[in-house]
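Chain nomenclature is as follows: A, B, C and D, assigned in order of appearance, with residue numbering initiated at 1 for each chain independently.
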Amino acid sequence: MGLVSQVFNEEKMRPLVGHMAIGHTRYSTTGSSKLENAQPFVVESVLGPLAVGHNGNLTNAAALRRELLQRGVGLTGTSDSEVITQMLAGGDGRTWEEKLKVFMVRAQGAYCLTVLTRNALFAVRDPWGLHPLCLGRLGDTGWVVASESCALGTIGAEFVREIDPGEILMLTEEDGPQTVTRMPASHQAGCLFEYIYFARPDSVLYGATLHAVRVAQGRELARESPCDADVVIPVPDSAVPAAIGYAQESGIPYSEGLIKNRYIGRTFIQPDDRLRKLGISLKFNALAENLANKRVVLIDDSIVRGNTSGPILRLLRDAGATEVHVRVSSPPIRHPCFLGVDMATYPELIAHRLTIPEIQAHLGADSLAYLSLEGLIRSTRRDPGNFCRGCFTGEYPVDIEVVDKEVFEMR
Amino acid sequence: MGLVSQVFNEEKMRPLVGHMAIGHTRYSTTGSSKLENAQPFVVESVLGPLAVGHNGNLTNAAALRRELLQRGVGLTGTSDSEVITQMLAGGDGRTWEEKLKVFMVRAQGAYCLTVLTRNALFAVRDPWGLHPLCLGRLGDTGWVVASESCALGTIGAEFVREIDPGEILMLTEEDGPQTVTRMPASHQAGCLFEYIYFARPDSVLYGATLHAVRVAQGRELARESPCDADVVIPVPDSAVPAAIGYAQESGIPYSEGLIKNRYIGRTFIQPDDRLRKLGISLKFNALAENLANKRVVLIDDSIVRGNTSGPILRLLRDAGATEVHVRVSSPPIRHPCFLGVDMATYPELIAHRLTIPEIQAHLGADSLAYLSLEGLIRSTRRDPGNFCRGCFTGEYPVDIEVVDKEVFEMR
Amino acid sequence: MGLVSQVFNEEKMRPLVGHMAIGHTRYSTTGSSKLENAQPFVVESVLGPLAVGHNGNLTNAAALRRELLQRGVGLTGTSDSEVITQMLAGGDGRTWEEKLKVFMVRAQGAYCLTVLTRNALFAVRDPWGLHPLCLGRLGDTGWVVASESCALGTIGAEFVREIDPGEILMLTEEDGPQTVTRMPASHQAGCLFEYIYFARPDSVLYGATLHAVRVAQGRELARESPCDADVVIPVPDSAVPAAIGYAQESGIPYSEGLIKNRYIGRTFIQPDDRLRKLGISLKFNALAENLANKRVVLIDDSIVRGNTSGPILRLLRDAGATEVHVRVSSPPIRHPCFLGVDMATYPELIAHRLTIPEIQAHLGADSLAYLSLEGLIRSTRRDPGNFCRGCFTGEYPVDIEVVDKEVFEMR
Amino acid sequence: MGLVSQVFNEEKMRPLVGHMAIGHTRYSTTGSSKLENAQPFVVESVLGPLAVGHNGNLTNAAALRRELLQRGVGLTGTSDSEVITQMLAGGDGRTWEEKLKVFMVRAQGAYCLTVLTRNALFAVRDPWGLHPLCLGRLGDTGWVVASESCALGTIGAEFVREIDPGEILMLTEEDGPQTVTRMPASHQAGCLFEYIYFARPDSVLYGATLHAVRVAQGRELARESPCDADVVIPVPDSAVPAAIGYAQESGIPYSEGLIKNRYIGRTFIQPDDRLRKLGISLKFNALAENLANKRVVLIDDSIVRGNTSGPILRLLRDAGATEVHVRVSSPPIRHPCFLGVDMATYPELIAHRLTIPEIQAHLGADSLAYLSLEGLIRSTRRDPGNFCRGCFTGEYPVDIEVVDKEVFEMR
């Protein structure tokens, strides 16, 4: 439990020997970080030791869980990952390769897996290709698999390629990476939200750096929804590339108008009710000299629950902005994600409850425009048929079995 | 991880609500304390939640473990307790009562279980009755189950009775304790080492306080192996009752000759090799005024590996004892325990390697005598057919499947 | 903060180099353990680095503290030890020897000091000799100073002699121990409570092992206050030697009647009011077989607040004792200690509030007798003029400046 | 010890009552974080309790420390702050106001103090005004003092004014803030490095937001050292405003070329020598699409030791940049800071060892230019006589007593 840099210190790393390893970092949302859910999930099985790291969300997890309980397996936690691990440990198949294929036939939804067995490490990506998974090379003899390609640079590895949707890639000491199979899917369905917010700007997805895609989103947005203003400013840090793109396309100067308070800790501000009311505005300080007497285009990458934008607009106006025009580099998010992005529930989504003019009024903006779905897809330079558009349209690439309405929280 | 009084503090106890609970304390031997092996073991099963606390040692655990892996259950740890839990979660039977009976048919060896389900708490003792398990009453409406009866007084509960060998006792909120069944055994086989050392002197076993049984052991020993001496002293704390008994029967005055250094920590003495050589003698200080120019009868409850007795004898002689006669209130331990007492392996047992005269020479004693097996059993005032004598005779009440020669350490 | 064996682990000890060191363990009473008061107290001074470890209690600490504040020294904590350290750092004298002598002229009350400077370690005992301090030899070249001689055996050192009352002993690498001076006192005043309870039984004080002195107390008590009874039992652990002495002198058999619950933690029993009411009896379990239908002599070493004895007597009667005669191996404690033994305040002392017959009634004893002051002193085999009798008579060897009525707690 | 948000959690804050408080966060450089040096430093003094928080560096601390030792004060740590605290506790003066004035007469160098006494909180800034200190208003009745004005927004307070150089400001419950005195200085000497790097961009210093000053630095730099290039990119995060200014003035488009790896922990990369060699480049990933086939102006705020710039340039070239022109928005740093900015020692400063062309060659840049001292000062829009230019010119506003050449590390 804790930050990677605190937990994996020298003392803990030094005694680890061997030539294959997997690890996992959890994108922690309030309350869901428990030691029992920590990954990788490790068990002894009839084929020997098995460790599984999993990102994503199975949409038929509840049904698969019931199957396991019926089969007589006692389950210690509540995570998908234990379900996947026990499905592999006890599923049909004489080899790990067979067991992985059987798993992929049965599993619905988003999963990127790293699976460590005694003799091989497997990297597995769901057939829809919902979330990214990539292969890197480390020096002459090392190989590494990561969700996002930006992680490769951090350890001095080089990007080789993405794991294909539906691919099982086996890495062994003798033979390095070898494709076991590519399981077919009716269609591909890459997550558009990775392009908008989730993936880091220096990651590469389908050949394009996300920073460049986001700059292109800003340019599309400037073409679709131009604006007569003096300055373009981003909501830092995630909207910076789109704001640069909007500024480049529109010719309105780019500047910074908000500085993030990096050291705001949750616990520190809880004791004081007055602070809670001031709320989100404490996350940012406004730079009055860039805002006073100016007409501002504020670029945000997305509006999910709509709680942060209102206070930000008040900050800008208090700092002297005469007009604030909000431009959002993604379409309205009207539906939850059931495929691995912890976002929000229906009642929490502002664009589910309100029309765009109502949202504009709620935020107190002088104008509000969203990027169109077509514009968003155009910015990726990929085939429009390749995407999951669930959170925008409510049409998901797989059936959604909604067992309990979980409350997700983003940001 | 940690001491009960440190771990179960107010902060952790206060939020716990409900009317049934189980807990478990591990008798920690070097290296075997790991969080994964902490009990109770808790799983979700097809019949709902299940928690299992287990004391003892299954002699067919390895075979049962293989069965579970074959059945497709991935096992996260190495403990018997997880094997038992998964056997219950996935075993035959429509009810917990049936599943427990099926388990008892399959399990060989020592087990005292507390099993918590949604509606009932079960207390289960193996048919051989190898280790103790008892029922207590707490106020007007409460019930409590514990391994040793001395625990009852600690929380203000009163001893009601022992759980019988082979008994499944079900406790529910509505009906209190009810016997589900008494599974038959070919014979009973209570652990004699509980009488000698393991159980606390204020515990009650088959109607007798262990303190009284140990005083009787000392009296038997005085009759079997008398000695011409000036003072009887115990190895504290465990041999105090036997020394009192020896003194009473022999008429030789009882006194203290050794004071235990309660604050010796393992880590503190490790850095210094010289200290390691001084070794065990540092655990005790000798009281010269009770020993100088005296012939001493030193009472010990048992000699397992023989490492402590030699340094103790040197301490006594350095303090001026003219003769030291060692009397042991149990027979020579020549075989390991495979039934739940972490004792020692064959090569570690001094009485497996050496004859009694050789042990006497090794210790540097003026004489050495052990209590006879008959004398030991007589001190219990129970039927001689009711005991496990494995550590003395090598004849165990159940078949022993020795998978890996584990190295146990006692004291 | 924590137990010695937990705090001074290998990791912390290994990097410590050098040939001289001092350490300190605090006898922790509720609430007074704070990091700021941890010893040794270390400062940089005009004569170089200075570290001071202190046991005892200065009776003029408040006046000395005011002097330091007047002199312009800011004090970080509330302990005597910082006062002593700053007095040494800034007091008159060109050398540490001179500064120590000046300190001893100014200080009133109980102090045993270890003082570490760059070139020497000093051991200092107050002129009244209130509490013990001794010198030991460790191998051929090492020297060690400790409050109680029992600590020497723990590290393999040998007892050499006590530091004399008023002595400043200087230990250097070149010359070993050398007496700097012996500061004179009007008279000596050794603490009698060390003989009764405080010092460990295997410690040596003025040539006598405390165990033997306590056995002698029991013999004196048997002569002064005999009793017609079947069994002598101690309140464990501290009254065991006196009970052995009483049994030897009276001819009544010695036995155990109470087993201490070593694992009772404060926090564990707090949550439950019912347990609090059961209170102290939970510290012990009674051994019914040694008590039922017996007339019992219960030996306690002292009665301070009288809270533990009543519940113990109820335990004994519940276990079947027909009579309970309490014999206390010390006189009634009617006055607090202001000289280093954390005992109790006037209103807490039962013998300050009640007469002996009233105490007997309060305890519910069939008879009650205390050892006489003369008998206690006789058991030490030392000159009667050599003792502090303050807690028995209210006459202290030094003036007591009672600044704030601190509430001490013993046991 | 730890991060503010981890240490000052609800549990620790809730029990704190009262209406005045001070706290202190240490800018931690390797090895210097010790509990003994934690602030505020708290003592009991002859005028009652005293707590002192201190930012800065006294240049005559060693001499003041010797004075205290001569006066007989034992010092527990090595920090300036304890010296200041004991000077106040024991210095001349009948009131805290007098004692503070006496301190300011004696102290040389940089100090911003918060001093808490029983009845008042004092905010004190050295007469040279080396580092910032400001007053804010919290609601209707609260007042707050902070080093940087950006901290005010974080807790919902409003900026009122800076504490003047040489000012002693007293805050009491009854009267709020009142100026006690303004101690005179021969001249003012505000730290220029606060303008360049140290202070946060949303802080206000002498009426100007630092973000705006830094944008102005970039504009000055563009005028002084123009460049024929395709894109302006900053070294994130600190050089972003200067890069925006350079882009605005030069007309060359602003873009991002480097993404910071926020999660690089020191310990995590230590185990592996290969990683250490890759070194600083791991702190950043390059965005190839913004760099490939482009002539790049790289804006950095300062070059101190020159270790980071070389690897960054290699990153840019590996990503395809055809030319890299380095522009630094401050003059060459040729001298250490002895006045509170932990920077570097003479041998570590690259501009002390090398000429500008040598530095250009060392970095592998196509061109290199620094902002002139005049340009830097012009960007502040303040009187040129008001600054400390020590790190650029070696001429400091106060005498420097260099006792031990401490090795500072910046970044």
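One rule holds in what follows: a residue touches a chain if its C-beta (ideal position, glycine included) is under 8 Å from a C-beta of that chain, and two chains touch if they have at least 3 such contacts.
Keep in mind the model is a prediction, meaning the values are calculated, not measured.
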Q.
Sharing more than half its contact pairs with A-B, counted by residue number, which one of A-D, C-D or B-C qualifies?
A. C-D
Q. Going by the average position of its CA atoms, which chain sits the greatest distance from subunit A?
A. C
(Q) Quick check: how many Å separate the C-alpha centres of subunit A and subunit D? (A) 36
Q. Using CA atom averages as chain centres, what separation in Å is found between subunit A and subunit C?
A. 64
(Q) Counting only Cα atoms for the centres, state how far subunit C is from subunit D in Å. (A) 54
Q) Taking each residue of subunit B in turn, which ones touch at least two of the other chains? A) none
(Q) So with touch defined the way it is at the top, what topology do the chains form here? Options are line, ring, star, complete, other. (A) ring
Q.
Can you give me every chain pair that touches, using the contact definition above?
A. A-B, A-D, B-C, C-D
**Q.** Partner subunit C, residues of subunit B touching it in the complex
**A.** 3-6, 8-10, 13-14, 139, 150, 153-156, 200-202, 208-209, 211-212, 240-241, 244, 248, 253-256, 259, 261, 263-268, 270-271, 274-275, 278, 282, 285-290
Q: Write out the stretch or stretches of subunit C touching subunit D in their complex.
A: 42-46, 50, 69-76, 85-86, 88-91
